[in-house]
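Please read the structure below before turning to the comments.
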Amino acid sequence: MKKRLKELAEWVGGVVVGDENVEITGVAPIEGAREGEITFVANPKYLSKLDDTQATAVIVSKEIVSAKKNLICVENPYLAFAKVLQLFHPRSYEPRGVDPKAWVSPKAKLGRDVTIFPFVYVGDRSEIGDRVTLYPGVYIGEDVVIGEDSILHANVSVYSRTLIGKRAVIHSGVVIGSDGFGFVKEGRRNIKIPQVGIVEIGDDVEIGANTTIDRAALGKTVIGRGVKIDNLVQVAHNVTIGEDSIIVAQVGISGSTRIGQNVTLGGQVGIAGHLKIGDNVMVGAQSGVAQDLAPNGAYTGSPAIDHREFLRMALSLPKVPGMRKALADLEKRLAKIEAVISSEKKEK
Amino acid sequence: MKKRLKELAEWVGGVVVGDENVEITGVAPIEGAREGEITFVANPKYLSKLDDTQATAVIVSKEIVSAKKNLICVENPYLAFAKVLQLFHPRSYEPRGVDPKAWVSPKAKLGRDVTIFPFVYVGDRSEIGDRVTLYPGVYIGEDVVIGEDSILHANVSVYSRTLIGKRAVIHSGVVIGSDGFGFVKEGRRNIKIPQVGIVEIGDDVEIGANTTIDRAALGKTVIGRGVKIDNLVQVAHNVTIGEDSIIVAQVGISGSTRIGQNVTLGGQVGIAGHLKIGDNVMVGAQSGVAQDLAPNGAYTGSPAIDHREFLRMALSLPKVPGMRKALADLEKRLAKIEAVISSEKKEK
Amino acid sequence: MKKRLKELAEWVGGVVVGDENVEITGVAPIEGAREGEITFVANPKYLSKLDDTQATAVIVSKEIVSAKKNLICVENPYLAFAKVLQLFHPRSYEPRGVDPKAWVSPKAKLGRDVTIFPFVYVGDRSEIGDRVTLYPGVYIGEDVVIGEDSILHANVSVYSRTLIGKRAVIHSGVVIGSDGFGFVKEGRRNIKIPQVGIVEIGDDVEIGANTTIDRAALGKTVIGRGVKIDNLVQVAHNVTIGEDSIIVAQVGISGSTRIGQNVTLGGQVGIAGHLKIGDNVMVGAQSGVAQDLAPNGAYTGSPAIDHREFLRMALSLPKVPGMRKALADLEKRLAKIEAVISSEKKEK
């Protein structure tokens, strides 16, 4: 594929500085870029690399107005880069139909132009939308609905009655709709609480490899439109994740917790059950959340506190051993003074 | 399904307050319940919702003696609710036999009335008990034994020589019997210690999606009867988990550690190797355990300490930056006094 | 299998103390060992068990020069034990060919003496090396290369264009080459950054069950020769792990971070993105690393600090509530003294 720089600038809504007719043939990171390729600098601290790169053009922030390189200047270089990448790596789709080595229930309903690979299982009454791709080893239980243009990668397991929206991307090993972890003690024995709810996943959701999303005990576990979940994340029964939220790898969200819209949970965060996390909240990596979090805040720590307060605390904690010594020292000095004063009083 | 309220009360060992002949047709959470349905209130702080629910009857604690609703009063409302749910959602089983798209070794031994779905693999000499269900994509190695009425969901992998008890429920993506993580350095090279032991899983165990249980180096990794393990848990080689213990999601248990009976490990807990965790211990979420824990205690933190001590500590740690300032201030004031006293002495 | 003790000593480069002609028939842990078996004591604190074991011989450190048992004395007993285990449990291999229930692209290239089980999928143009074993449910995308003698256990998923070296052992449920977690906000919407790079895995790598390794955004995610990764580990896009490093279970490594050679990351460690971890670094379990780590150090904590400093800090933190009281008490005593001094001044 070849594009003139001006075409790319138009595609991303940017302005060319330099030769707008130069031809771009590919996209690369700044260190490895070669002639003919376009790269980007999103972080101002990497601007120094601008002069060294072999790239023919660089996408930069619109504050940059000149350089030795051809530039596309934009509001958000990272976003523009994503769009150029999408242009050079279009997701093409050619339907392959249903492989004879798959097993599709005669009671299932298949859309047009689907691709169903060998060793896929589709259960009774499940509905597979137009242009859906099911890679080898995908298991679809009964009464599942999968919206059009969705892709389920190899060895994904979808339990019965799950609803999945349009344009979902579900990576390998993901499990959706497994029983929630619901037991109640009768003496020491653990009695199972039947998990009879479902999972509902909105449009444009992406779910990372080996993530698990449990079905509700009663009602629904809900993943909102546009949510992006990384690998190895645990979403417990009856959780709700609001639209456009970002859940980084290895996060665990306990039962019945409600995550707001546009929330970001950093890697390995744990959230206790029955909590409410407000819209636009950011939680730092490895934090443990045991209380509701107000909207628009940033929180870190285990237990999580205000992010800036956490930073101050984290810096001072290694000083505690020294503080203990200082405290003991002050106590001695104070006792000495008290003794002096007390003897002075007696003298009087 | 329809049941009169008195039938349900009998089933759970409770007492009806109100109309014992009213008909119940389903079960629902208190917010969403409609006429004809039964719900429950386990937590006294939700008792206020009792008057608002549309439910026809409510299971409550026996301390409640009257309300505008029909009640079933019991010792443990949550347990009674679980039992009513089991009644309305019985686990029915109809054997489907062995699908011709499965691969079952001619040397394997199948019980009566099994269900073996397409794309299941059963290795040589493995024994599959009566009424066992193996969902699509299940892999059973050689010399495996699976007890009667067990269910292995889609894409579970069971390595050779694993023993699984009766009525086990193994969720999708679980891996049982993979090699323990045993290496020893020879210079910088990592030399593998062959993992030649097995995994033994007792009766009535449930294992959550994508959990991994490694085989022993020598001897056995043991999951006791009635143990319930949530999703994405790591159980290392030669671990023992005692009967009726509860392991919440994303816990990691290191090699050769022995977990007692009726223990509860909160989400994301990590336990170091070669430790002994006593019976009935509770460990709070995200804790890191690096020492043996005495029975019957509650522990939290990383490193884990007594739970109440942890709570006190967690509250005071954000005060440390302020304490540092206070300490420096005290030091100044003290030095000033010392100077005064020292000059007084000179005066004398 | 039977070996004389002197043969074993020769095999591990050790010296026999006792009867060098005694016959050894197996290997066992020190508690369960029976007559005819050999065991080992690596940790000096278990030396007391030496007299109680039923084992016929014991591998010990060369400092031990006599005991009631037959001994093999070596530099590193654990390493010698691993080698004796390898001798008694050789990894035998008999090729089984390609099962007719597998699906192998006519455009794929298979080496000699491969074993391809039922329900394996091998995509177009992929190259499977000599004596490779692909267990049931393994998915190999297009243009994948797998080096000779590698073993992929059941239900492993390998996305297109992944490169895997020789003698790799990939455990069940592992996902290699899934999309990295790359999104950029356009308003609140998450725009996907196409992940068009690959994963490259060196020779002699072992990867634990259900671990996930994402493909690079651009370029490569690299796992170096001899690296050993435990279960449920997350390796993000563009990460590099240096040769011979050890990554324990449930670790998460964020995007573009470079781990040095011979590094050890303890269980549940989290490493932020774009960092550089030096060679030979050790990071304690559950640590959170947010800054570069200099080579050869040991670090613990979240945020991670020097390991010994962490130990001192961890011991003193539970004292903080007491320190707060002591501080308040000192303040009172000091105020009292200040009052006395101030009144004395007035008296003068």
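Labels for the chains are A, B and C, by order of writing; each one numbers its residues from 1.
Here is the rule we go by: contacts are C-beta pairs under 8 Å (C-beta built on N, C-alpha and C of every residue); 3 or more make two chains touch, one makes a residue touch a chain.
The structure displayed is predicted, hence computed values, not measured ones.
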item	value
Shortest path length from chain A to chain C (each step joins two touching chains)	1
Self-contact between copies chain B and chain C, residue sets same or different by half	different
Distance from chain C to chain B - Cα centre to Cα centre, in angstrom	25
Chain C, residues touching no fewer than two other chains	119, 137, 155, 173, 210, 232, 250, 268, 302, 317, 320, 323, 327, 330, 334, 337
Chain B-touching residues of chain A, taken from the complex the two chains share	103, 119, 121, 137, 139, 141, 155, 157, 159, 173, 175, 178-179, 181-186, 188-194, 196, 210, 212, 214, 217-219, 232, 234, 236, 250, 252, 254, 268, 270, 272, 288, 290, 302-303, 305, 309-310, 312-313, 315-317, 319-320, 323, 326-327, 330, 333-334, 337, 340
Residues of chain C that touch chain B when the two form their complex	27-29, 32, 76, 78-79, 81-83, 85-86, 89, 91, 99, 101, 117-119, 135-137, 153-155, 169, 171-173, 206, 208-210, 226, 228, 230-232, 243-244, 246, 248-250, 261-262, 267-268, 285-286, 302, 314, 317-318, 320-321, 323-324, 327, 330-331, 334, 337-338, 341
